[in-house]
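Everything below concerns the one structure shown next.
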Amino acid sequence: MTDQDAPAALRFSGIATFMMRPFEPDPNGLDIAIAGVPYDGGVTNRPGARHGPREIRNASSMTRSIHPLTGLDPYALARVGDVGDVPFSAIHDIDAANDDITAFFHRIVSAGAIPLAAGGDHSVSFPILRAVGANRPVGLIHIDAHTDTWDAFHGSKFHHGAPFRRAVEAGVIDPKRTVQIGIRGAQNFTDGWDYSHESGMRVLFMHEVEEIGIDATIAEARRVVGEGPVYLSFDIDALDPVHAPGTGTPEIGGLTTREAQRLVRGLQGLDFVGADLVEVSPPFDHAQITALAGATLMYEILCLLAGRVAARK
Amino acid sequence: MTDQDAPAALRFSGIATFMMRPFEPDPNGLDIAIAGVPYDGGVTNRPGARHGPREIRNASSMTRSIHPLTGLDPYALARVGDVGDVPFSAIHDIDAANDDITAFFHRIVSAGAIPLAAGGDHSVSFPILRAVGANRPVGLIHIDAHTDTWDAFHGSKFHHGAPFRRAVEAGVIDPKRTVQIGIRGAQNFTDGWDYSHESGMRVLFMHEVEEIGIDATIAEARRVVGEGPVYLSFDIDALDPVHAPGTGTPEIGGLTTREAQRLVRGLQGLDFVGADLVEVSPPFDHAQITALAGATLMYEILCLLAGRVAARK
Amino acid sequence: MTDQDAPAALRFSGIATFMMRPFEPDPNGLDIAIAGVPYDGGVTNRPGARHGPREIRNASSMTRSIHPLTGLDPYALARVGDVGDVPFSAIHDIDAANDDITAFFHRIVSAGAIPLAAGGDHSVSFPILRAVGANRPVGLIHIDAHTDTWDAFHGSKFHHGAPFRRAVEAGVIDPKRTVQIGIRGAQNFTDGWDYSHESGMRVLFMHEVEEIGIDATIAEARRVVGEGPVYLSFDIDALDPVHAPGTGTPEIGGLTTREAQRLVRGLQGLDFVGADLVEVSPPFDHAQITALAGATLMYEILCLLAGRVAARK
Amino acid sequence: MTDQDAPAALRFSGIATFMMRPFEPDPNGLDIAIAGVPYDGGVTNRPGARHGPREIRNASSMTRSIHPLTGLDPYALARVGDVGDVPFSAIHDIDAANDDITAFFHRIVSAGAIPLAAGGDHSVSFPILRAVGANRPVGLIHIDAHTDTWDAFHGSKFHHGAPFRRAVEAGVIDPKRTVQIGIRGAQNFTDGWDYSHESGMRVLFMHEVEEIGIDATIAEARRVVGEGPVYLSFDIDALDPVHAPGTGTPEIGGLTTREAQRLVRGLQGLDFVGADLVEVSPPFDHAQITALAGATLMYEILCLLAGRVAARK
Amino acid sequence: MTDQDAPAALRFSGIATFMMRPFEPDPNGLDIAIAGVPYDGGVTNRPGARHGPREIRNASSMTRSIHPLTGLDPYALARVGDVGDVPFSAIHDIDAANDDITAFFHRIVSAGAIPLAAGGDHSVSFPILRAVGANRPVGLIHIDAHTDTWDAFHGSKFHHGAPFRRAVEAGVIDPKRTVQIGIRGAQNFTDGWDYSHESGMRVLFMHEVEEIGIDATIAEARRVVGEGPVYLSFDIDALDPVHAPGTGTPEIGGLTTREAQRLVRGLQGLDFVGADLVEVSPPFDHAQITALAGATLMYEILCLLAGRVAARK
Amino acid sequence: MTDQDAPAALRFSGIATFMMRPFEPDPNGLDIAIAGVPYDGGVTNRPGARHGPREIRNASSMTRSIHPLTGLDPYALARVGDVGDVPFSAIHDIDAANDDITAFFHRIVSAGAIPLAAGGDHSVSFPILRAVGANRPVGLIHIDAHTDTWDAFHGSKFHHGAPFRRAVEAGVIDPKRTVQIGIRGAQNFTDGWDYSHESGMRVLFMHEVEEIGIDATIAEARRVVGEGPVYLSFDIDALDPVHAPGTGTPEIGGLTTREAQRLVRGLQGLDFVGADLVEVSPPFDHAQITALAGATLMYEILCLLAGRVAARK
């Protein structure tokens, strides 16, 4: 148990857990397990995402339970707990770190809980997907400024620009059931863009999202992923830098939080088997803007996951 | 008189008064009295709004006189002065603080001036309305992320989430002539939302504003408040946190300043009897973003009030 | 248990508890109970100390166990836990808040644990002392820029400039066994200075500390409090504002952290029955400077308390 | 040469030049010469734009080469170099500073390179235009919150609110081929607005841009400037203060970076003979938000200039 | 009168004047006239000191009246008022700005008041001294990291590194009665150091101050200036950058505020005819550290001036 | 050549190189080669030191040439150039990164230049020492809060707490000629302290430095390293966090910049063969405090190196 009785609790009080939920290191008994992945060894530019889980926990005290649009209360629908952070055994070894992450999430999945991860840089999505997609490839809704399907950089295959290429190669996601939303910014090479297209992913560049609007984007995302199990990966740099200055590779011209909320809300009813929100880098944040956006979007994602839990029951 | 001759004055120079207006502690002789209410004893989360009046004064030097859309110059239409801050006698006693506020604004109203207040947290709106609505309930246009119609919290009836419930109970606002715009964010209880609806207020949640647009929102607001006297209360957290990080209970997915300007401009011609702009909390601001937004929106509101003064003359 | 195995743990990882200690809501079984008091309803100037406990918890992950000068490991000498924050029932009512604090610390004291509190503003020391000094007045070592022995301000007896006057009146501290260290800054009235002197407290103004040096200050403090039970209250504004910008009433010309460490270390061996570190106000902090200073000084104080525990065993 | 081999280079590494281009003090041999103008002696409010070139250089490392919408790579189309900063001989004398700027850009123009300048305050546009428009008046696309066609302020004709009035008088721009986009904010006098209108400029106030949309704004801009040589001047305060807090005269209600990117992209194919991006003031920035927006918009402008170079070849 | 009754006033409340004193634009009737000089046209590096007077006014609310060491209350000894800021007529013309400053201070001196100025950059000291020393050269105690006796820079004789060379040339200070304290930092030329020495000034480099200590420094300063009229000029960059980050030319290894307070206090009893505190540059400050140090040192200087007023009466 | 003619150059102008020196990628012909090592893959807590070289370059423009105490001008004594940053080929592989660093510095040493490195985290000292000490072990003056002689952490031997243990093992430093100054802060294990002592290093804990003073510390350092070749490694966290908030493992109670300057100046005349200044982490800095301290201490170290160059000539 935490030290906080949520309804009457003061938002600035008590030990900071995700959404003021109890700390439950054992995922058994949980429907949804929120986990921190304080790892940024995969970044290629500005570091700091290792500090993400703590600050998201802190800011998440400002989120509450009953959704203003749907009236849905995820905590009434599902047992939700904070299972703590992935424990690392070899923080300077990217392969070992990946294995630690996979093992931790394998334990969550094995316990029958749906994982909701807070990064950490985007490299953490691949080892999480190794756990979530271990038995069959899953569909992917990927909201980001970058396709993250690049190949090795500086000799490393596991950097934060590569997770979804690795995930296709490992057979843990299905590129035909993958949609990438919000992609933008110049690149020095096109091999990431090319890989996404050639593997069969549907790429909605930001300028296309702007042209067709959020509702059509939702429809397209739902069409691509269809009926099967699906994972949601939200890179905070999908948001415009004014909404998410605290991130490693900011790119102007992104989504507003209002658009992001509308987009996430539009995914209700899909068969979600896991999700992550990554790349919140507190050292570059100010006034907790980014951490609060991350925490509130995690609440919105939690509503998707809780909806899935309720539908299964 | 102030030490600044406005047209030639340098914006960074001189003692900071609201809009570089003269300091006029006596409201007699003024058409519009701008007052600070440096009180944040009613907050339930992050404090700091007590520092709002000073920073809004400071940032307001960057506003000027002739409106770019209408050509209206509020200072040519009305005698406008800075009457200083509410003097408090018992800052740690919320009931006594409320009485001090009411007394100060009663003096303004009695002098025949229209008050424009800079908060302070939102709890200050109720004691102001006790002065403004002393003789009859007034209509209310309330722009905010929260309905502020909750009941007692931690045993207090006068916290910053309750002013408009108290105002209905005290008969100083008419809930049938009340519109609430921009409401959003999850809640742990629905009693505030419920009270607004049950008392007859028109609540436009943010998602509804987004659906119908600002022009339709204006039309709806004008329909609700109709012809009689009306008070405007603008909580800076109606703005998205990127436009107003310096506030106590930020909620992502809010209005942009452009939408807020369009919304306020659309209210020209109503029978305004007072207004406030609240919840600017400088300790959480950066680069004066929030204080400048607050000051510029106060200028826009001032144009509404000056329009009313001119129409009466 | 916490989610952190301290020796191998990463300092940026895991749920933030004080000193990465386990969260133990029940003080029974603890020798030393670290508690947060997220209350700033007693401030007379800048608020924000309510956010102190969370940020001190966060920064305290950077402290470790074995003391570089003494080799003492407080966690080897004493069972130390984080008992969470004082739960408040009526946050806007200063008298009720005081009672909640007293009740929480009474429970700690009754369990036989020595309390170490993280404020909150300095008003919290009086209700803590009501618990710690319930059975007999205790001696007091008070390190601060201000004597905090003022009388009522704005009609309130319990503001953050008055706790030690109240504590004398309530018979929970012995003014003859009280020493105040680091006092400085101009005042509009002298009644606080006068009360300290007239009640028999030994007041070492900052200029006197500078003249005689830290070692003589330690000797004087030890002489004043003598053999009996003693409480240590450390207001972070005793430090110079460059060491503690995040505080409510900063005053230039204060102690350095090096002087503060030397001073606290010099108090080893006294019969400590409790301690607090107060007035860390994160909204005014930057780069976690103040929170880290507070956390590290709490570690130094913990070594005093652990020394006392070991001596008793 | 710089110390960076761009494709493999780490974005945080190496000496910061504009867009990680080689430092080429001699413009001969360049198609496009990027230059810094670290001058803010013309401001009337907040200073600091003198620090703009350095911070834009620093942030520009995060831009890359291949455009996500067009696939155009400006560095493949044109030889682009960083020619350093204008060397000033008399920084406290605004007339002398203007002459130094004109001389520096005259050298660039004479070498056959198209200049792309990073300010500095907006006063620098006039001396640049004296070089660019020396032989004939050029058209102007001016994106800004202010018309900058005011007359003397405090006796100075060369302050940052006057460059385009001076440029008309000097015959270096053609007011009939001038469009001003994004103008907003109240003014104490209307003589700037009046001058723009009376001289034949097309002024699109922000509220008109909002009404007609970005695509119609582009069409109107293209109509006004027509076929001849044209200069693009982008004042970062055209952006909303949340996108550009680091500037001297922020004005709420501005363009988003997404709108600005769309607007600039829509100008491809015009006969550009030079461009500037001005008024980035790092002391008021946070988290490099403004510098990154400025650098990325300079990349977009560079694509326009490179398109022009390619078309000429 | 101001809107603040100082003893009961809340420090965060009311229109910000220097030390919460009444705004008195007419110096007649005052013993001490505190004036702002919002000018930074003389800087050679980072600007922003134009914003100094406003932020010092704001921070000065945290100072109070009765001195902790001497018990002296300057407001009981002398009539002290805030006379506002120097009004400038030609802010971009350094010679005209100097004349405006001299005229303003001439009015103060003529009224029989002692001026205490808040800069602005250090160039303002020369035009102030033209007023204060108009009738005879005065002695000078100059506390600074730099001698400010350099010759023309970039063709300007009036930049902020030259005021005391100009003052010697103009015969308004006596170099034989001038002491410079705290000088440090490397230089590209030695002509400033040389001029100070050759003109007869006593220069105490920081390393000498460190060697001999503050008390000997005080004695030396008193010896140099002797019995006659003396002016005190305190450049905030005399303080170490941790105490004064908000300044234009920071230099590590400076005075602490404790040393500065001790130094200023040691000058009581001299025949002060004026003083200034300059180079507070708020855009580079954080957490109001520098503004608070500046305001508190102005309070200490005010005690010197008030002592002089009392002695004359 | 750079674009800056140093004496007349404006400090805020031009492309930022170390100390405004020319960029000279080829070390041949240089006496002293200043190099950046933008690597922080070895940190165990807060990252960000990869951004150190750029920010130190930027801040170093504020340093100048002629020393205020000695009159020595290092640029007159030695040919000094900025050789750029170490180019990395495999940034995510700590062993490969170490090899890249060694190769880069081997090139400098082979060219006959003395290297002065700007980190990067402290792990970079070992690969630099592999180049500098390749032919014989060198003495070491190590100024730091931590001994950095720990063994493997999380399985890595090359993290930033281990470089000097590795250097002893590799025979590139002589532990008997090694002195560590400023060590402080608690630890969870003592194996680093133990290794230093057992290998024969002289460890001056901060409390010992405080007891004996800086002059005795200098004498002791000179005694330990004696006559032979010596390397100086300055970890910015040797400074107190108020002087160096921008670092990865801050520890209160450290050196002031004044003490650090005195300490470094006292080492003049030793046979320096290289030096580094590490652990400046700009994302945690504010107001450039840490970068400026780092740059100015590098200037002081440069004076030591230039003195050595002059002595050899």
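Should a chain be cited, it is by its letter among A, B, C, D, E and F, assigned in written order, with residues numbered from 1 in that chain.
Going forward, contacts are C-beta pairs under 8 Å (C-beta built on N, C-alpha and C of every residue); 3 or more make two chains touch, one makes a residue touch a chain.
Since the structure is predicted, the reported quantities are computational estimates derived from the model, not experimental observations.
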Joint neighbours of chain F and chain C, given as chain labels: A, E
Common touching chains of chain E and chain C: B, F
Chain pair repeating B-E, as identified from C-E, C-F or D-F when over half of the contact pairs by residue number coincide: D-F
Proportion of interface numbers common to chain D and chain E (over half same, under half different): same
Chain centre separation (chain A, chain C; CA means) in Å: 40
Distance from the mean Cα position of chain B to that of chain A, given in whole angstrom: 38
Centre-of-Cα separation between chain E and chain A, whole angstrom: 55
Shared interface positions of chain A, touching two or more other chains: 10, 12, 44, 46, 50-51, 88, 91, 154, 242, 284, 286
Pairs of chains in contact (touch as defined earlier), listed by label: A-B, A-C, A-D, A-F, B-C, B-D, B-E, C-E, C-F, D-E, D-F, E-F
Residues of chain F defined as touching chain C within the complex: 44-46, 154, 183-190, 205-207, 210, 240-242, 245-246, 249-254, 284-286
Chain D to chain E touching residues, read off their complex: 40-42, 44, 46-48, 50-51, 88-94, 96, 154-156, 158-159, 283-284
Residue ranges of chain F in contact with chain D within the complex: 1, 3, 5, 9-10, 12-17, 23, 25, 36, 38, 50-51, 53-54, 57-58, 82, 84-85, 87-88, 91
Complex interface listing, chain D residues touching chain A: 6-8, 10-12, 62-69, 71, 242-243, 256-258, 261-262, 286-289, 292-293, 296-297, 299
